[in-house]
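By written order: A, B and C. Residues from 1 in each chain.
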Amino acid sequence: MQGSLQSSSYKQLEQKSKYTNIFLRWFLYFVLILFASYFIFPLYVMIVTSLKTMEEIRQGTLLTWPSGLNFDSWAVAWGGRGYGAGDTYLKPYFWNSIKMVVPAVFFSTFIGAMAGYVLTKWRFKGDKWVFLFLLFGCFIPYQAILLPMARTLGVLGISNSVIGLVLVHTVYGIPFTTLFFRNFYVSIPSELVKAARIDGAGFFKIFFKILLPISKPIIVVTVIWQFTQIWNDFLFGSTFSFGEAAPIQVALNNMVLSSTSVKEYNVDMASAIIAGIPTLIVYVLAGKYFIRGLTSGAVKG
Amino acid sequence: MKTLKIEELSKNFGATEVLRKINLEIDEGNFLVLLGPSGCGKSTLLNIIAGLETINEGNVYIDDYNVSKVEPKDRNIAMVFQSYALYPSMNVRENMIFGLKQAKVSKEKIEEQLGKVSKFLQVDALLERKPSQLSGGQRQRVAIGRALVREPRIFLFDEPLSNLDAKLRVEMRREIKKLHQQLKTTVVYVTHDQTEAMSLGTNIAIMNHGVIQQNDTPENIYNKPSNTFVADFIGSPSMNLIKGNLKQSSDKISFVVNGSNLEIPINGYDFKEKSNLNNKEVFFGIRPEHIFFKKSNDTDFEITLRADLSEYIGHEQIMTFNYENQEVLAKFPSTIKIELSKDTKLYFDLTQLSLFDAKTEERI
Amino acid sequence: MLKWLEKNLPKIVMAPAVGLIGWFVYGFVLWTLYISFTNSKILPKYELWGVGQYIKLWGSRKWLIAVDNLLIFTALFLIFCVVIGIILAIFLDQKIRAEGVLRTIYLYPMALSFIVTGTAWKWILNPTLGIQKMFIDWGFENFTFDWLVNREMAIYTIVIAGVWQSAGFVMALFLAGLRSVEDEIVKAAKIDGANLFTVYWKILLPMMRPVFFTSFVILVHISIKSYDLIVALTQGGPGISTTMPALYMTQTAFHKSQVGLSAASAMMMFMAVAAVIIPYLYSELRRENAR
């Protein structure tokens, strides 16, 4: 390898690397865009179908552009047709979901924040085991707790109600929220807490005045994570509440499965979009935090 | 034939100019140190030499061939990184021979090279270990070994010692120096540590804001800094830069600090340009180690200043004096006792003097 | 008293979390375990009945189909998610111009519920008006794509939708992993003459071992628990051809009122998850302690 190369061979090297690079770039973009279309395809089909009439659907294909912006099926999906029995629509269930999500997210986040605070800044003997004890809750298959949970809700008199679902989601959210806050507080120097203690601040004062104000990013991550998980939940919703109190995912599934009349795919798609829109909006607006939640606590199915 | 030549090289990242019209040349077997504060562009320049960064303007020549657009592997160079950059999933042997394998060197030749280099660097007992099982110094050796087995035309070092603790750093510095003396391969070495630069380099290029401030031998860099930046950057504590004016009469030229009548005669100073010196605003540059507490030469200039502060650092002490409200630092042996807040007689060694234009900050 | 309170305040604050999880997770799992050893039908009975439910479970054709489906689904789901995820991550790592947009597109399905995903794919895959019609209208007159209603193939439609939902997530994990590798390693490899393929194959991917492990655990976990997607896409059909353990469990419990049997199936799922998770938690904890 000693010695110098000839100038002509340098020229060749330049040329070669130039052509392989150009080829490689094209190939790269081709594959990336190919996959992008696979991922975007269902969303495109959903939107397009929801804007078509059934007549158009039968005549065109999945990809055909709708004849115009026709929001009729959206209106039907949201507010129904206006006749009595058998008319299912999403509006009341959408509000059920909101009523369920807000308190459940709040309580689970708050409890998780306190637990994370204690586990990192007020360590006690065996705190590692307590953390592991909580962490395992992230992973259990919920089928193993469905039966006793159904009975418990019955005993408490809150089965088939929004309150029951709030309780369920709060409890099973705690392992995740604790994990998030614990991992965040671990990275905050304990000197901060020590300094505050020397200044005479107590347990709660340190939490509310010092840690909470700097916890914004992790609060956002946790709230988004919990919101997405609870909004998208189907297992608990469908098991513990079926009638009036059902959350939106259950209602969507019932609507799509109801075989009372002719299948209306445009209404189905509009309903699916309505059920998916809140989480999609959160994802588009706060994708960064969403991904952080996914990669740090990505365990729930 | 120059081993490495850089010609009118400029580089920007978006709107920020990182390197501006760099010109550099290195002869065979020399050890060039690129020295400067962080963000001065020295690492970018090294990456450009390696072919890891593209060039906006200008050219890089290795052995008179323009390699500006040649891939790193075809430039006949090897590089040692700050983080060592050993491949974590490979053991020491695989790390060291990876480059040769990519170049499709024959098995026998690879084994021969590996044996030679690993013995030379005393890592032959570590060949089956993973990088995570090595100490900092051992990793450093392996990283150097990986560069050595390729027998490159030019070695590039990117702050190779800054991840080591102070003691090990001095040891490794000596080893790199020995290595260069034995192999006599051309080296380009980036660091922000002036001691490293001084002890290793046959040439030092001091950089700031993407421009080479001075490219010279360590002696000239130290004794004849070409501007106030270099004067300030080299030496610890750095050179005193006392602001004042020049006074020129028919046969005499002297320096007067603002607010004083005391004239310091500087007839012996080797001016670049002798004209237009009268009333010129200048910095009078003298290193703390060139101020003495007793007269040792006839040329020494006696001056009386008040001592304000003493910092004891073991074998020596750094004293701060007040010269018409400008701070002047001096380095004395710690055995000398000087009373604070009192006037003290000092002697400036005027043969070691540097003068800079206060406006352009260039040496005059 | 006040002193005691102050000293034990942290533990008192911890108590609700520990109490809730202790009761609702550990207590409930133990209850389910107990019930799985009884002959409970509609209502739980508390006399022990031995391992009868487990014998019944493993003798049930439906359960065996469910386990079979789970194995097929898990294998394909894992392979496709990891391969697609790695390809996308590596390609996106090449200073791609529209990286942000592409990343958003690859990952948005993760924000949707499985019910929404299932509904969308059900419509796309339906043989009368979906993809099949699209291709026929395009002139491929003999094109058939009836997997959704085909007993043999229906399970693969669940794989298609599942991969669509989760591959982007694996991409995000690997991209984060690749980005955390020091620049200098790649530079060193370039100087050593490695081409892009070698850099990834010989150096970077071997460094991603923890990411492989994490993805494996999470994906297996998702697939064992998968329930919503099947409900929305096939309801376990045609017939029972796409039944999976989670679906089997809820159907047995709430439609067939075989509480003991469903508890047994839940415990089988629990054990499967534990077999994957416990080594994972153990290694994670060891890594953290070593730090």
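Everything that follows uses one rule, which is that contacts are C-beta pairs under 8 Å (C-beta built on N, C-alpha and C of every residue); 3 or more make two chains touch, one makes a residue touch a chain.
These numbers were taken from a predicted model, which means no experiment stands behind them.
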item: By count of C-beta pairs in contact, the leading pair of chains; value: A-C
item: Chain whose Cα centroid lies at the greatest distance from that of chain A; value: B
item: Chain B-chain C separation of Cα centroids, rounded to whole Å; value: 57
item: Cα-centroid distance, chain A relative to chain C, in whole angstrom; value: 15
item: Per-residue overlap in chain C, given as positions that touch at least 2 other chains; value: none
item: Where chain B touches two or more other chains, by residue; value: 71, 103, 150
item: Chain B residues within the chain C interface of the complex; value: 47, 50-52, 71-73, 77-79, 81-90, 98-99, 102-103, 146, 150, 158
item: In the complex with chain A, residue positions of chain C that touch it; value: 6, 9-11, 13-14, 16-18, 20-22, 24-25, 27-29, 31-32, 35, 44, 84, 87-88, 91-92, 94, 96, 102, 104-117, 119-124, 129-131, 133-134, 137-138, 164, 168-169, 172-173, 176, 196, 218, 221-228, 231-232, 235, 245-246, 249-250, 253-254, 259, 262-263, 265-267, 269-270, 272-273, 277, 281, 285
item: Chain C residues within the chain B interface of the complex; value: 182, 184-185, 187-194, 198, 202-203, 206-207, 209
item: Chain A to chain C touching residues, read off their complex; value: 24, 28-29, 31-32, 35-36, 38-43, 45-46, 49, 57-58, 60-63, 111-112, 114-115, 117-119, 122, 124, 128, 130, 132-137, 139-149, 151, 171-172, 174-175, 178, 202-203, 228, 231-235, 238-239, 249, 252-253, 256-257, 265, 268-269, 271-273, 275-276, 279-280, 282-284, 287, 290-291, 294-295, 298-299, 301
